[in-house]
Structures are given as structure tokens and as C-alpha cells.
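After this come two complexes, each holding chain A, first together with chain B and then together with chain C.
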Partner chain A sequence: MTDVHAPQSQSPSAETDGTDPFGINETEPAGTGGGVTAGPPASGVGWLRWLWRQLTSMRTALVLLFLLALGSVPGSVLPQQGSDPAAVQQYFTAHPALAPWLNHFGLFNVFAAPWFAAIYLLLFTSLVGCVVPRTFRLAGSARTPPPRAPRNLERLPHSGSYPSTLPPEAAVAVAASVLGGHRFRLRRPADSDSGHWVSAEKGYLREVGNLLFHLALLGVLVSIALGGLFGFKADKLLVEGTGFRDTRAAFDEFHPGRLVSGADLAPFSITLNSFSASYLESGQSRGQPAAFHARITYTATPGDAPHSFDLQVNHPLDVDSTKVYLIGHGYAPVFKVTTATGQVVYDQATPFIPANTGTFMSDGVVKVPDAAPAQLGFMGVFVPTAVRVGDTLESAFPAPDNPAVSLIGYAGDLGMNSGVPQSVYQLDTTAMRQLTAAPHALLPGQTWTLPGGNGKITFVGYKQWVSLAITYDPGQLPALICGMLALGGLLLSFLIRRRRVFVRAVPADSGLGSVVTIGGLARTDASGGFEDEFASLSAELAAADAAAVAPAQEPEPTNQSETGA
Partner chain B sequence: MTVNLGLAQVSSDFLIATLMIYSLAVLAFAGDFAFGRPRRAAAGAAAAIANGKRAAELATVGAAGAVGTAGAAGPGAAGPGAADSGAASVDGASGGPSVPDAAATPGGGRAVALPARQVPALAAAWQAGPWVRIALTFSVVGILAHLVAVVTRGFAVHRAPWGNMYEFVTALTCVAAMFFLYVMIRYRAWALGVFVMGAVVAALGLAETVIYTAAGPLVPALQSYWLSIHVTAMTLATGIFFVAAVLGILYLVAERYRARVAAGKAQPGNGLLVRIPGSAQLDKLTYRTVIFGFPIWTFGVIAGAIWADQAWGRYWGWDPVETWAFITWVLYAAYLHARATAGWRGRAAHYINLLGFTSLTFNMIVVQVFITGMHSYAGVS
Partner chain C sequence: MFRAKRRTVVSLAAVAVALLAGALVITFTQGTGQAANPNLVVYQVGHRPKAPDFTATSLTGTPISFSSYRGKVTVVNFWGSWCDPCRREAPTLAVVAEQYKSRGVSFLGVDVSDSTASAQAFIRKEGISYPSVFDSGYVVTGDFGRVVLVSATPTTIVVDRTGHIAGLIYGSTTYSELTGLLSDAGVTT
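The block that comes next holds the complex of A and B.
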């Protein structure tokens, strides 16, 4: 991928005849111009060279950029395995014929798909193939002086002239010192055969910025890879009053990088003391959450003093570069199940999953494998602010203002010993029989005596739970630095223009003094300010020339040799 | 913190006023379009406007009847104020009085011909005629009212006033109007006013009628100072890209006209098209607008990544909105590259520019409102 403006091509003839010393048309140099090159030569090396030229041409880079944009589209339209696996399952259920095909092409995991990787790796290869030679070219151009001044400065995009009372070489010397004062790089003729002139060039940082931008993008890619190899991401659901230690086994889900082992985890532990959520009580956005606070206690390493922390959204906990985020919350109704003989076989808070984030109606499952005479299972709905609508319970508000549960009971075999792993949020009722036709609603403290001598279940109350994301990403800081460098490079390349100013002096027709012509061109004048800069520079040159006359009629000529400062 | 309903009302009222003042500005721009002074001859429209400024600057001064050495382009192509521009340049630039001998002695028909600095932008605006003056006045007053509306909304809700779609559109049209005013004055592109300000009025009118959302506090995920950084950058960039898109459409229209004239299919000097700048100048303006917006968009994406890391525990997660911000970025990058690639510059590049804005708009309207993701904050029901 080449520059926003293709690298400059300077054929020696263009440099001397002065019409187009920069290649103003900004066409691609023939050497890298994709598509315009001749057909592939027969030899194997020739093939490779041809392929490489095609790959690193701007045209290919453009096509790859389009493919990258186009390839990202399905990642936003279809549910993705990485961000929402449940939605992918739903899609498979809803479109049983189509989904396997989409899956075949990796469209449910676009950003990890081989074809997507192929696009961006080709793009970055193209970028490297373009940027590396340009870096060498830039290093080269930093050592070579500006080109010789063209003969016909009037033919440049910007030009002007002024008369001088100084002889030509002195007039040029004055101009050179003015341009040197503006930190232009100068070049003067080595001999006087080619006339009296000075070439000046400025703005090399533009190309530096452009290269920096592209290299920094490469750095971002490497940083992402770094995070993928050495980072990890884990999820943990925590009910009020419980805690966990940061070990692999403690997590509900653990996605380690390829080079991460369990031993790399920071040895901290966290206990959730309480969680509170507040919601807007009135207005158009009634029920919209206003604040979440998870009050936790943590110890950084075993044996350390415990610290308290108020974990909030946008306010993560940082323990030795491992960060803990509050990413979700919900209700965990507490149930107590007692057998007909009075034995307590279940007494715990059971996290329910919010099915509707607006009202926080939550679904959950209670499995009681130790119940007698048969195992018991319940499908439940937790309703934070219950209102009765006809025969069903609805939630009017997400806060627990009038909590209630509605349960459907099952007795039989939970199937937990079959060896097939089960989700704690799903009940397999194939070997169970429903206890009552209608769901049974309970308020806190109420007890439902189950039919058939299956004991009783009490809705004791509720607790809240939070879900935490625990992440470690060593690529984060490098990615940020590279991102900022890319931005800096972008600004340099857009704000700075590479421009050249030429001054030529010839003896005046009258024989006294000289006529000075100035010409200028900006190769890349993105912001369009060169016109004004050239105008003020011309005025300054004329003024300096006029001022030089006054003190000394015969100013001593300054250094006539080529300067490459 | 409770919402200050009084201030929220003030904000709404000012926005209505803004809408009306902008409409008047559009009318005045249209008046200039219809009745203003013709600015240039129709023939060679594109070339004339591209070289026009330069020709004006190179207009020769000094010895009577002397022809400037570089004044190749005829003065006929120069815009109004060419004479003023030339005159202004003598005093300021050439320092004529200090080199009387020099001017006299070389003689031989040689004359001082220094390129002049441009007429100050505001003076040029003044010279552009009463319609432009009226339109600019309305624009400035409208922008002030718009600013008041945005700022009071911010004070009413005690936060940066771009927390939902309605507020976002309100703020971005304000940016577009301000940025366009700058572009218009800087590049003396009065003829574009009717198009850009017209588009601003349309967008603001839609915001006011379709997606109006009462002032309210934000969900916890948005309660962060990154809101003011990330969304501000995105608002600025969107406003600027908005201007670039309008310029791009005008370019395509002007370019089509130019091509038809060149092919002999259309009369030069025909109708409205003569009055908008030539395609070459529109091409430059579009490019300058995009390179102004692109770094801001880049910064906005980086700031968004930092915020995402704070709020969600990852800096990039291919959330639908993130994905489309990425697609938009890639498309504008493609535009910048296309402009430097043979066979792609011109029309093709401009189509990419418009594709970029389409993706941006799609992200703003369709993705944020209809596709569920972590960025579903639009508040549009």
C-alpha cells in the first residue's frame, strides 16, 4: 500500500527541463504501478517479482481495503460467536437450513475466520512491501540535495519576479540566505556555467509522518496479536455474600490466550458484599438504570490486608494489571426445599437470568437432586415489581419493589447422572412429570406444599448477583501507543507540505543589476496554504533584496558551493 | 442529578429559532444563486475557477501597460475583486517605494510581478454582494442560536449534550454549520451555501420532528468523561464528513456537466450549474474537508477503544457499531488512497467518499437503532 500520494518519481530529464520536477500529476511510478506493467515474464523469479509488484501496488491495496470493509459487514449483521453465542444458537434454531452454510464460511465468527485473516494479512503484506522501500527512499532523499533549478521558473504553478540592483550572484546569495533562514534545504550551482540559481526544499517530515502512520498500523496489529497470545478473559457470576479466588477452576468461563497457563493468573480474591442498582422513577425514561454499585472486598495476594472497593460501570478494579469489570447484574431468589419428612435438601440463592432488561423479569431453574421420594426441578420466573395482568404476573419496574416468583414444579429424574454436561440454567424434563398444570406464584416467605408427598418449597427472599469480567491484556498499552503514533503520523502527513522554491537571477537587459525570478511548487498541498506561503516568501525575498542594496553596494558573495544543510 | 426543565425548554426554543434562521439563510443563499452577480464566464468553468485566484494574484501592477511575466491566465477569468486584490498586494507585498531605482533602471519592459496574498476572506465576503452578506449574517446568527441550544441542553442535563440520537444530530449539525461557514469563507465558496445549509436544515428538521427525545439523565454505561471525548470527536468528524459528502455530490454533478460540455452534449453557460464552483475546485475542497475529518475520526475511534476498555473490559470487541466505525474508517482511507491512484481519482474516488458517508449514516441510524449491541443508546423508540 503506497502513500496517500504516490511516491515521487523523478526522472533526470524532468528534473532538468523544469516543467515537472515533482511529477505533479502524482501518478504512480512506473516501477510499482499495478496493472500497467507488462505481462509476466516466463522465468520463475520473474513470476515472483511480478506477483510481488502486483501485491504491493496501490490498486491491489485499494481492492484489499474494500474487501476488508465488505468482509466486516456480515460480522455486524449476523450474530457472532465471540460476542453473543446464545444469539448464534437462536439463529441456528430459527434458520436450520441456512445457518450451517453460513457457519461453513465462518460467518458466525467473521473476525477469526481464515478468509478475513487472509484479507488483512495480504493488506499488511502489501503495506510492508510499499512502506519499506519508501523508508529507504526517504533515507536516501534526506542525504541528496534538492534538484537543480529549472530553466523556466514561470512555468511552475507559482511564480513571480522582481528586479534587483545587485549583480545576479549577489541577488541569489541574498535569496539563499533568506530561504536558509526559513530552514529550507538549499542547493547552489557547483559551477557558474548553469547560471545563478538556488534550489530550496522543505517538508520532509510529511513523508516521515506518512511512513509513521503505516508502520504504527502494523504495530497495532502486532499488539492485538500480543494480547491474543498472552492475555486472558474470564467471566464470573457472584451472588451477594459469596466470593472467589482468581484461579482457573473458579471461573465460569475462561478464555486464555494461546501461551497462557493457569499459573499466570494473579492470586487475588474477591468477595461481593452488596450490590445496589437505582432506576429513574418517573418521566419518559422511567425504569432506565441510573447507577450501579457493587461493593466488594478484595485481597491482592493471599495474606494481604483486605481492601474495599466500589465497583461501578466505567470504574473497573485494577489488581496488578489484571482488571475486574462490572458487566451485568440480576436477581437470585433464595429457595428452601424440605422433604415430607422435614429434611432440608435445598437452601440457597439461585441466580436467575434477566430475560427483559427493561423490567428485569428473570428466568431460572432450581434443581433439587437430593429431594425424596423423587428428584425435583422447578422452572421459575422472578418478577421484581409484580403486578397481576389477567392470569399472569408482569413486572412493572426493574427494582425489587414487590418481588414475587412463579414456579412450575417437576418430579422425576433430573438426568444429572447421565454423564452429559448440563447447563444450570436449563431443565431437562424428558424424564420428569409436571406437578401442577398452572404455575404457582409465591411472595417472599410463602411456602408451596407440593402435591404427591414431594415436600414443600419456600421462597425465602432474594439476593442480587453481579457478573464480572476479569481480563488481562498485555497488548493494550502497545496498541494504544501505536494508535497515538498512527494519529501523530496522520497529522504530520496532512499538515506538512513538501515544497520547493527556486530562485534564478539573470543580468538585466540594461546591464545594471539583474532580474530575479522565483518559482515554487508544493508536491502535496493538502491544506492548500502554499499559495499564501509563496506570496509572503516572495515579498520577503524582494524586500531582503532591496534592503541588501542600501548598506553595501557590493555585497561580498556568500558561500557559492553546494550546500546540503 | 435532576434535569433542569426550564433550561431544557430554553434549549428547545432556541433550536426552533435556529431552524428558522437557517431556513432564512438558505433562502438568502438561494437568492444569491438566482439573482446574485454572475461570478465567472461559463466557458472553461472548471479551469477558470481553479486558476482564478492565481490569475487574480498575478495581475500585474507597476509600469503602465506592462504585461506580467507570469500573468498567463487572462484577467477575464478572475473573480470580482481581482482589481482590489492586485491593488492590495502592491502596498503590502512588493515594497515598491524602497526600490525606485530598481524599478526604473532595468527598464526594458520588465516589471515587478510578485504573487499577491489573497484578499482577506471577510473582505471577499463583503464584495460578494448583498445576498451573500445577508446569507452569511443569517448563518452566523443561526449558528449562535444553535450553540446556545446545545450549551443550554448540556447545562440542563449536567453532562455533554450528546447522549442520545436526538442530541447527537443536534450537535453534529451545529458542527457541520460551523465547519461549513469556515470552509465557505476560507475558500470563498458562497455558491455552496444553499446546498450545505439546506442539508443542515433538513437534518435538523428531521431531528426535531422524528427523533425528539426529552432531556434526561444517562444510563450508567454512558456516565463517563469519555462521553465528552469520544462522542465529541465522533460528532465533529461526522459534521465534517457531512460537509464533505455534500461537496462530493456537487462534484459529481459539476463533473458530469463538465464532461457533457466537453462532449458537446450540453451548452456551456447553462443554468444553475455555472454558478457552483468547477469540478476541480470541488475536488480539492472535498479532499481538504476529508483530511480534516479523518484524523478526528481516527482519534474518536481510539478514544472509543479506551472507553470500551474502561466500561466493558476490552478495547475492541467488534460490536456492530465498532465494526461500522471501522468500515467507515477503511472506506475514507480508501478514498484518500484512491485519490492518489491512477484510474481511481476523480469520479471513482468521490463515489468512495459518498460510500464512506453512507456507511457512517447507516451506522448512526440503522445500526444504533435497530441492531442490538453494546452501543444501543440511541433512545429512539
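The block that comes next holds the complex of A and C.
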């Protein structure tokens, strides 16, 4: 990837004495010049070299970048195995002919697909192949003095002249000290054969900015790769009073990077002590959540002292660079199921899923596989603030002001031994019979004695649950820093011009004093402004020259030649 | 103009060829190393990860120290009463536990993310005689998870007499898989 401004448009006027004013830096090493090279040569090594040049050219990098963007499109349009395997299954069912083909090309797992990795790696190679030689060239050009002054400065885009009462040598010396004062890098003739002149150059930061941009872009890619390889994302539903350890089996969803192993997970554990949500009690947005507080206890490593933390929506917990976010909540009614013989076969909080976020009316399923004489299943609705409307319960408010449940009971075979894993939120009633025709409503503490000797179920009370997102992305901070550096580099390379000023003095025709010619040249003066700079510089040079006349005729000591700012 | 167009075509073709080559290389390298049975992991002697030492409480409230199992081949089974495949493999585990009791094989369950009422109802119903650690907070599971992959229940781990992991079975255990791992761990049949 070379500079966006291709070097084809040289200033043709500057070639007069074979000293191209921008010769050193404009001549790109063959091959990096964005496809200006000829077709592939015949020999093997030459062909490889040509291929490398193509790969590291600006055009290829842009094509690859475009392909990368294009390749990401199916990742957002089609369901992805990594984020939503159920949706992928649904897609397979809905499009039985198309889906296998899409799957063949890895379109259901785009970001892990070999062709996506190939684009990514080639873009990476292209960038490295461009930036590394560029670093050396920048280092070289930073050490190279400006070129010799052209003979005819009038042919340069900006030029001017002024008469001086000083002899040529002294006039050039005065000009050199002025330019040196402006932090130009200077070059003076090694001997006086080529006349009296000084070349000055400024704006090396432009290249530095350009390079910084490229390096930072590489850094962004490396950071993303770092996150993709070593990071992970996980979801966990946690009921009040329970806890979990940061381990794969504990997560409901787990999306690890390619190189994540169990030993890489920080060994913290988290217990949810309590959760509270407050809702707006009145006004137009009545029932809207006002605040969530999940009070947790966490231990960074086993054996450490436990710490308390108030987890809120935009206040994540940070343990060992792993971040824990609060992303959702709900109710988990506690049920106790006892058989007719008095054995407790179920006694736990069962998370229900909010079906209506406005009222937090929640749906859930209770499965009691070890009940006797038959397995029991219940489809339930949890109502946080129950009001009876006719025959049904409705929720008036999301807060648990008057909690109640309504259950439909089933007895029979839950189908849990069929070998197909079931969702804990779904009840397969195909081999079950409904116990009562109407749903049975229970308030906390109430018990429903089931018909047919199936025992009884007690609605003990409720707990709340939170869903947590646990993420670890080691590339996040480096990516941010690199992104900022890239922006900084881009600004530098846009705002700073590489410009050269040449001063040449020849004896005046009258024999007294000299005529000083100045020429200026700015590369890629897209933003303009060099004209003004040149004009003010010209004026300053003339003024300095005029001021230098008075003190002495002898040339004053100036900056050493061939060195500069 | 023609030259420029041809150059574009040639460079695009080069990119396409390189992409294809890259894709092939990656596909090829990823294709190797696939085990015949992805549900089964067997470690050879000398390459066996060391099983963690842990102390925990059983479902019935008695303390269990895993170091007391040293010197015996031990089957550690991660399960939960809510887990369908665990229910399916329970009879297999009960049969193998009974058959291998006389050959010095111990069984230890790790009941994950469960309630004691449901877990004990499961044990009663399935007729399981060996003890289980009550691991509602994934503590023991996490200890094992730092050594080997324990991604879900059921997972069955066979620990040899020296306290090293001889192998793992992911998903419902079958009789042949489990007895095969036991003989790998040095149990003579």
C-alpha cells in the first residue's frame, strides 16, 4: 500500500539540470507503485517477485479490504453458527436445498471460514509487505539531505527574486540562516564551482504520519486477531443465592476464541446475593425501569477474600481483565413438589422468561422427571403484580407487588430419555395428559393438590435472576490505541506538506551586490497554503538581507552546510 | 488503456489465485487431526493431565476429599438431574459401577448446578449407589475445567491410580466406551 498520491504527476519543469527537486523521494522502489509495473515476467523468481509486488500494491490492498467488507456481509445477513445455532437450524429447515450449499462455503460461520481467514491474512501480508520497505525508505529519506538547487528557479511553481547589496556568498548565507531558523533542513554546495545556493526542505513529519497510519492499521489488525484468538464471550443466567465459577460448563452460551483453553479463563467466582429493580411509579413512562442493582460477591482466585460489588447496567465488574455485564433480569418462582408418599422431588427456583417487558408477565416450565407415579410437567405464568380480570390473571406492574402464578399441570412422560436434549424452557406434552381443564392460580405459600394421586405442588415464593455477559477481549485496548494512532498519523500526513525552498545568488550585472532568486515547490499541496508560506518567506528573506547590509560587509557565520533542522 | 485494463485483470486474477491457495492450505491444515470419535479423548501414559485435588461436600452433607481416591481407578461423572443425556446414561453408569466394584474401581458423581431435592430424587429413581459431590456453584467443575475441557454435562472422566486423567467421554456414556477407558486406565478385565 503506497501513498495515495501516485507519483506519476511530477513537476516537469524541475528537471533542468538533472537535479529533480523531488527525485529522491518521488522515485518509489519499483513494484510498490500501485500497479505501475509491467506484466509478469517469464522466469520463476521474476514471477514470484512480480506476485509479491502485486500483493503489496495499493490496489490489491484496497481490493482485499473491499473483499473483507464484502465477506462480512453474509455474516450479518445469514444466521451464524457461533452466535445463534438455533437460527441456523431453522434456516436449514426452511431452505433445505440452498442451506447445504451455503454451508459448503462456510457462510454460516463466515468469520471462521477458511476463505475469510485467507482474505484477512493476505491483507495482513499486503500491509506488512508495504509498510516494512516503507519504514526503511523513510529512515533513508530522513537522513538524505535535500537535493541540489536547480539552475533555473524561475521554472519552479513558486519563485521570486530580490536584489541584494551583499556579495552572492553572503546573501546565500543570510538566506540559509533565515531558513534554518524556520527549521528547514539545509544543504549548501560542497564547493563554489556550482555557484552559490542553498536547498532547504521541510515536512518530514508527513512521511512519519503516513508510516504511523500504516503501522497503526497493522496494529488494529493484530489487536483484532488477538481478541479473536484469545478472547471469549459467554452468557450466564444466575438466580439469587446461587453462584458460578468462570468455567466453560457454567455458561449457557460460550463463544471462545480459537486459542482459548479452559486454563486461560480467570478462575474467579461470582455469587448473586440479591437483585433489585426499581420502576417509575407514575407518569407517561410508568413501569419503565429506573435502576437495576445486582449485589454480587466475587472472588478473584479460589481462596481469596470475597469482595462485594454492586453490578449495574453500565457499571460492569472487571476481574482480571474479564468484564461482567448485567444485561437482563427476570423472576424465578420457587416450587416444591411432593409425591403422594411425602417425598420431595422438586424444590428450587425455576427461571421464567419475561414475555412482556412492560409488565414482566413471565412464562416458564417446571419439569419434575422423578415424580411418582408419573412424571409431572407444568406450564406456568408468573405475574409480578396480579390483578384478576375476569377469569384470567394480568400483571399491572413489573415490580413484584402481588406475585402469583398460574399453572397448567400435566402427567405422563416428559420425553427426557429420548436422547434429544430438550430446552428447559419447553415442555413436550405429546406423551402427557393435562391434569385439569383450567389453569390453577397460586399465591405465595399456597399448595395445589394434584388430582389422580400425583402429589402436590407448592408455590413457595419467588427469587429474581440476572443474565450476565462475560467477555474477555485482550485486543480491545490495543485496538483503541492503534485506532487513535492511525487517526493521528492520517491527520499528520494530510496536514503537513513536504516542501522545498531553493535560494540561488549570482553577482549583479552592475558588479555591486547580487541578485537572489528563490524557488519553492510543495509536494501534494492539496490543502493549499504553500503559496502564502512562500510569499511570507520571500518577504522575510528579503528583509533579512536588507537588514544584514548595515552591520558589516563580511559574511556572518551561518549554519553549517549539509546539516539542518 | 488496454494495457491498464489487462493489468487490472491480471492482478485481480493473481489475488483470486492467492486467495484460493490460502483457502486450500487452511482447509487442508484444519482437516487433519480429526479424531475418529470426537466424544472420546484418550491420554497415553506419560501424557496424562493431573487431576485436581479438591475437597467438597456430598449431596448428603458428608465431606469428600478427592485425595482419598488416590490408588484406585476412579470414574468422575459430571451430571445434573435437569440434564436429559445424564438421565439416559444413568443405567449404564449404575451397571458398570456395580460390575467394576470388585476390581477396585470407584465412582464419584459431581452434581452440577442442581438442587439437592431434585438430585436426590434422581439418585433414588435411577438406583445410583455411589456418592456425588454437590457442585451447584461449579467449583469442582471449574477445577477440572482448568485441566481438561469440561464443556457440559454429562462428561465422564477416568482417573488412573496415580491421580492422572486417562481419558474423557463427552455426552452420554456407552458401556463399551466406559469399559474401554477403564482398561486403558489399567483395570484388568
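In this section, the second predicted complex is superposed on the first by the 352 of 565 C-alpha atoms of A that agree within 3 Å, B and C clash if a C-alpha of one lies under 4 Å from a C-alpha of the other, contacts with A are read in each partner's own complex, and residues count from 1 in each chain.
Throughout what follows, a residue touches a chain if its C-beta (ideal position, glycine included) is under 8 Å from a C-beta of that chain, and two chains touch if they have at least 3 such contacts.
Just so we're clear, the structure is a prediction, and the values are computed from it rather than from any experiment.
A.B. asks: Have a look at where A:195 lands relative to chain B and chain C in the superposition and call it first, second, both or neither.
C.D. replies: Neither partner.
A.B. asks: Which of the two partners, first being chain B and second being chain C, lies in contact with A:439: first, second, both, or neither?
C.D. replies: neither
A.B. asks: Quick one: is A:328 in contact with chain B, with chain C, with both, or with neither? Answer first, second, both or neither.
C.D. replies: A:328 sits against neither chain B nor chain C.
A.B. asks: Have a look at where A:412 lands relative to chain B and chain C in the superposition and call it first, second, both or neither.
C.D. replies: neither
A.B. asks: Check whether chain B or chain C contacts more residues of chain A in the superposed model.
C.D. replies: Ranking chain B and chain C by residues of chain A touched puts B first.
A.B. asks: I'd like to know which partner A:367 touches here: chain B for first, chain C for second, both or neither.
C.D. replies: Touch partner of A:367: chain C, not chain B.
A.B. asks: When the two structures are overlaid on chain A, which partner does A:250 contact: first (chain B), second (chain C), both, or neither?
C.D. replies: second
A.B. asks: Taking the superposition on A as described, I'd like to know which of chain B and chain C A:180 touches: first, second, both or neither.
C.D. replies: The answer is neither, since A:180 touches no partner chain.
A.B. asks: For A:59, decide between first (touching chain B), second (touching chain C), both and neither.
C.D. replies: It touches chain B and chain C both.
A.B. asks: Go through the superposed model and pick first if A:421 touches only chain B, second if only chain C, both, or neither.
C.D. replies: The second partner, chain C, only.
A.B. asks: Of all the chain A residues, which ones make contact with chain B and with chain C?
C.D. replies: Of chain A, residues 35, 59 contact chain B in one complex and chain C in the other.
A.B. asks: Over in the complex, which chain A residues touch chain C? Could you list them?
C.D. replies: 35, 39-40, 51, 54-55, 57, 59-60, 63-64, 67, 114-115, 117-119, 121-122, 242-250, 254, 261-263, 265, 267, 269, 271, 302, 336, 343-348, 367-371, 416-422, 424
A.B. asks: In the complex formed with chain A, which residues of chain B make contact?
C.D. replies: 53-54, 57-58, 69-70, 72, 89, 92-95, 98-99, 101-103, 105-108, 110, 112-118, 187, 213-214, 216-217, 219-221, 223-224, 226, 284, 287-288, 291, 294-295, 298-299, 302, 305-307, 309-320, 323-324, 326-327, 330-331, 333-334, 336-344, 359, 367, 371, 379
A.B. asks: So in the complex, which bits of chain A are touching chain B?
C.D. replies: Where chain A meets chain B, its residues are 1-6, 26-28, 33, 35-36, 58-59, 61-62, 65-66, 68-69, 72-73, 75-77, 80, 82-83, 110-111, 154, 157-165, 224, 233, 280, 283-285, 288-292, 312-316, 323, 325, 327, 469, 471, 473, 476, 479-480, 483-484, 486-487, 490-491, 494, 508-510, 512-513, 515, 517, 526-528, 531-532, 534-536, 538-539, 542-543, 545-547, 549.
A.B. asks: Under the touch definition given earlier, write down the residues of chain C that touch chain A in their complex.
C.D. replies: Against chain A, chain C makes touches at 6-8, 10-12, 14-15, 18-20, 22-23, 26-27, 30, 78, 81-85, 87-88, 112-113, 115-118, 121-122, 124-125, 136-139, 141-142, 145-153, 155, 172.
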